[in-house]
């Protein structure tokens, strides 16, 4: 194709997006659009499957059968989200194996929050309440993003995440209405998860890359700082309901701007974790790589079996 | 306690589901594919759901304001009545599927009989669970075939698992005092009568899976009497951790 | 050597034994004597190291620091016993690696009692009290056996075993003087370990092989049935002190013979376990084989390092 | 409580020994040679012995009829103050020796300083333990060299362990509030002052062992504040099992 032809296609493409039409896998799209979507969707998929680990850590120790069942269901949902999102990536011509390879080699990222350890049961509450809460704020706008499979996946994901968020809040509420030990456990979890949750909304706008292009493609509708402010404004009143204290001495309501002022985020910690040096980065990656490598013989067997059976069917047919 | 036999009978059923569900729960996020992770978690969830129904019923019989969680979490190791089979570790995926399959075949036969129980609650629980269990069996049986008839490596691994786990199958058909009493009243299942059909079905799948039927005629038993393998203590230490560490709280 | 010469040597050899002289590794000995001793001593060594496993199972869960320390010390002693006994075997010209190979391949046996699981803390008491008690009865006569290194090893082993036996009894005593749950735990352990302990003294005399030759070489001084009777007569009064009931309805004092009558031993169970089909045979062997295989790289490294350092020393010297 | 700082200070020391002793206890009967099994058990035994001295002293300070076992077994995970290093799992023998060595070098320096404590009990405990710890360091240091300078495989494995464990070393020199208060009173050790000598000694052994010094300048901390790794909960579930399951009994 000539440069002019491509430019023409690009103009038509951008016009479709501007008209809020959905782009579908078989439609023509600029290479950068394809790559950006693969990157973002796979990063999201990786986050779902790595995100199974910190919560999976409490399945065997959940304090009641009801909570055990709910936690199993939640982790299962996360695996399901991973599945849709990998499938959405596959529509753009990249295989799941390639995406895993990127994850395992450290080339692809996943949400840094999952590099923190879950040290008490209350962390199951805090993750649902705060981490899923922040995720929803990131994701709700994506239900209207331009790429059809991603937008449709996000509709389902957001519905389930919102259920998880309520469930997390309910775990916290039960703890906060419980014994002093339980309430202390809840406060401790909030203390540990608050700042990493704020970091989840991404670096400050000044540090953020890709934003302009992403806005145009509706991969992003608000800046990181706007999303963060939204998260804080929505979460502080919830902490009040729980009777918990947000671990930020600088947090206070700013009447004039109609939102909360808050303290300085420790961006050094953020970058340390992003760069692979957080408390559990190695452990998470080891768990995923081990699962993959230890499962190789199983996948090989399934493939061999399927091929044999195809051959048998073929023999029967002739 | 009135109905002591019924109470013990129900615990025996419930413990199998709890302990197998717990074992599967350990694997969450560590399986060979995302699809098997989802399926395994799903089976675990079914089993935990089933055991809740049983424990709730048993707690009602027990009275004394006992709850499902008291029964699931606050007994001593020697009081758990599950068969040895379900507590065996997740050595590798062949063991996970082998253990599941050897239990599922039994479980479906058991549930099919329990449907006819004169006890309406038990019959209702069976009715609710039978579709789930039938799915479990299809899933695990398919994997036994896939692994048995896959590659040389998977065949060897699946054979190893079947050989090791086989020794725990006979216990499935032992009748405890509670089992006998309940079977006599038409409430419980006479599992000893399921044995022939079980070995017939299991053997067929094993052969179809290109695996050798284990020859050993020696079997190990003990779980139904509360004498468990050394794996059980560690499983319980995790299972009971929260309830033991923070007694008398609600979650 | 001519047959006659050998016969002559054998006569001198048997005469030395009859005079209670010790045979030392460098002395001439009949091949059968050598082989019998390798078999028996290595079987004993294997029993010590396999015997570490059922007790090792409770180190991480010992109920007090004092008990944890005592249990560690006990298991360490067992490893030490293994070490002397393997060394005694090595004096007869067999390497430790060969002996391990025999254990791992299933060719060599070890005491069947270690194929039962340790399911409660009380099992640490019962093993010390009963299993070490039976072991001492088997072993005390060996302090005077004809082969010097074995006899000397047994002196030390018996001294330590006797300490272990008292320690085990003391664990039981504490449980029996404790809460009803504790006493029940002790009774339950006795119920499970009683019969396997009786089996430890070996098959009935009618079924036992090697006995006559072993008597001559002082590898055996009493028959299995005599040892068993001795064990029962010594242990029943100890159970009385504990206030525990021996799980044998046929057990009763026989005034006329001055010892206890007891019930039928389930020899089918005995042979099932001996043949490798007990509750933990596979698990024990897997633990040993895994330790050995997973440790291969460590042993290789130690060897390579030692060789390099020899080479360095040699270089320095020239 | 009077002496709250002293109490917390002692627990910090005791917990390191307890948790490392517990980790080593897991290995008993599973080591690469009988000799290493004996040595590992021996080190575990020394550490458990040491922590008993500390806990007994802390229990006396605490009063309220607390015992060494109450302190060792009946705290919540967030109340254990051991460094992250000692709770790391026995991934393979290289990790076991690497963890031991990285702790032993610190431990011996620490004990040497603690000898000078104005608190006579602590000085006496240090005096009693210092010979043990010095043996531990020789043992683990020798193995780091043997594995580092053994075969290519052992070199790679030892390097992997050192790289992974390195990230937990810096925490050894963090000063908690209790540490600072006790150091100021001449009772506790100012561990921050040991840091340079530690890295110097450790680096020398690493280089002698034909290993590369890890380059990462990022360190992980948390244990001293009671924020442990995910391994810790499982370790505690086993450690506390009996005391939690059978409360208020004597053993």
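Letters A, B, C and D mark the chains in the order given here, with residues in each chain numbered from 1 onward.
Simple rule for what comes next: a residue touches a chain if its C-beta (ideal position, glycine included) is under 8 Å from a C-beta of that chain, and two chains touch if they have at least 3 such contacts.
Chain-to-protein mapping (UniProt): A, C = 1,2-phenylacetyl-CoA epoxidase subunit PaaA; B, D = 1,2-phenylacetyl-CoA epoxidase subunit PaaC.
Only a predicted model underlies this, so the values are computations on that prediction, with no experimental measurement involved.
J.: Using the contact definition given at the top, which chains are in touch with both chain A and chain D?
T.: Both chain A and chain D are touched by B, going by the contact rule given at the top.
J.: Tally the contacting C-beta pairs at the B-C interface and at the A-B interface, and name the larger one.
T.: Between the two chain pairs, A-B has more contacting C-beta pairs.
J.: How many angstrom lie between the centres of chain C and chain D, each centre taken as the mean Cα position?
T.: That gives a centre separation of 35 Å.
J.: With chain centres defined as C-alpha means, what is the inter-centre distance between chain B and chain D in Å?
T.: The mean C-alpha positions of chain B and chain D differ by 41 Å.
J.: For chain C, give me the residues that contact two or more of the other chains.
T.: Chain C, residues with two or more chain partners: 61, 181.
J.: In chain B, what residues contact two or more other chains?
T.: Where chain B meets two or more other chains at a single residue, that happens at 76, 233, 237-238, 241.
J.: Which pairs of chains touch one another in this structure?
T.: Listed by label, chains in contact pair as A-B, A-D, B-C, B-D, C-D.
J.: Under the touch definition given earlier, write down the residues of chain A that touch chain B in their complex.
T.: Interface residues on chain A, with respect to chain B: 49, 52-53, 56, 59-69, 72-73, 75-76, 79-80, 82-83, 86, 121, 171, 174-175, 178-179, 181-182, 287, 290-292, 294-305, 308.
J.: Touching residues of chain B toward chain C in the complex: what are they?
T.: Result: residues 76-78, 164, 167, 216, 218, 220, 222, 227-230, 232-233, 237 of chain B touch chain C.
J.: Can you name the residues of chain C that touch chain B in the complex?
T.: These residues of chain C touch chain B: 54, 57, 61, 117-120, 181, 188, 192, 272, 275, 277-280, 282-283.
J.: Which chain B residues qualify as touching chain A in the complex?
T.: Its residues touching chain A are 22, 25-26, 28-38, 41-42, 44-45, 48-49, 51-52, 55, 68-69, 72-73, 92-93, 145-147, 149-151, 153-154, 157, 235, 238-239, 241-243, 246, 249-251.
J.: Under the definition above, what is the set of chain D residues touching chain B in their complex?
T.: Residues 76, 233-234, 236-238, 240-241, 244-245.
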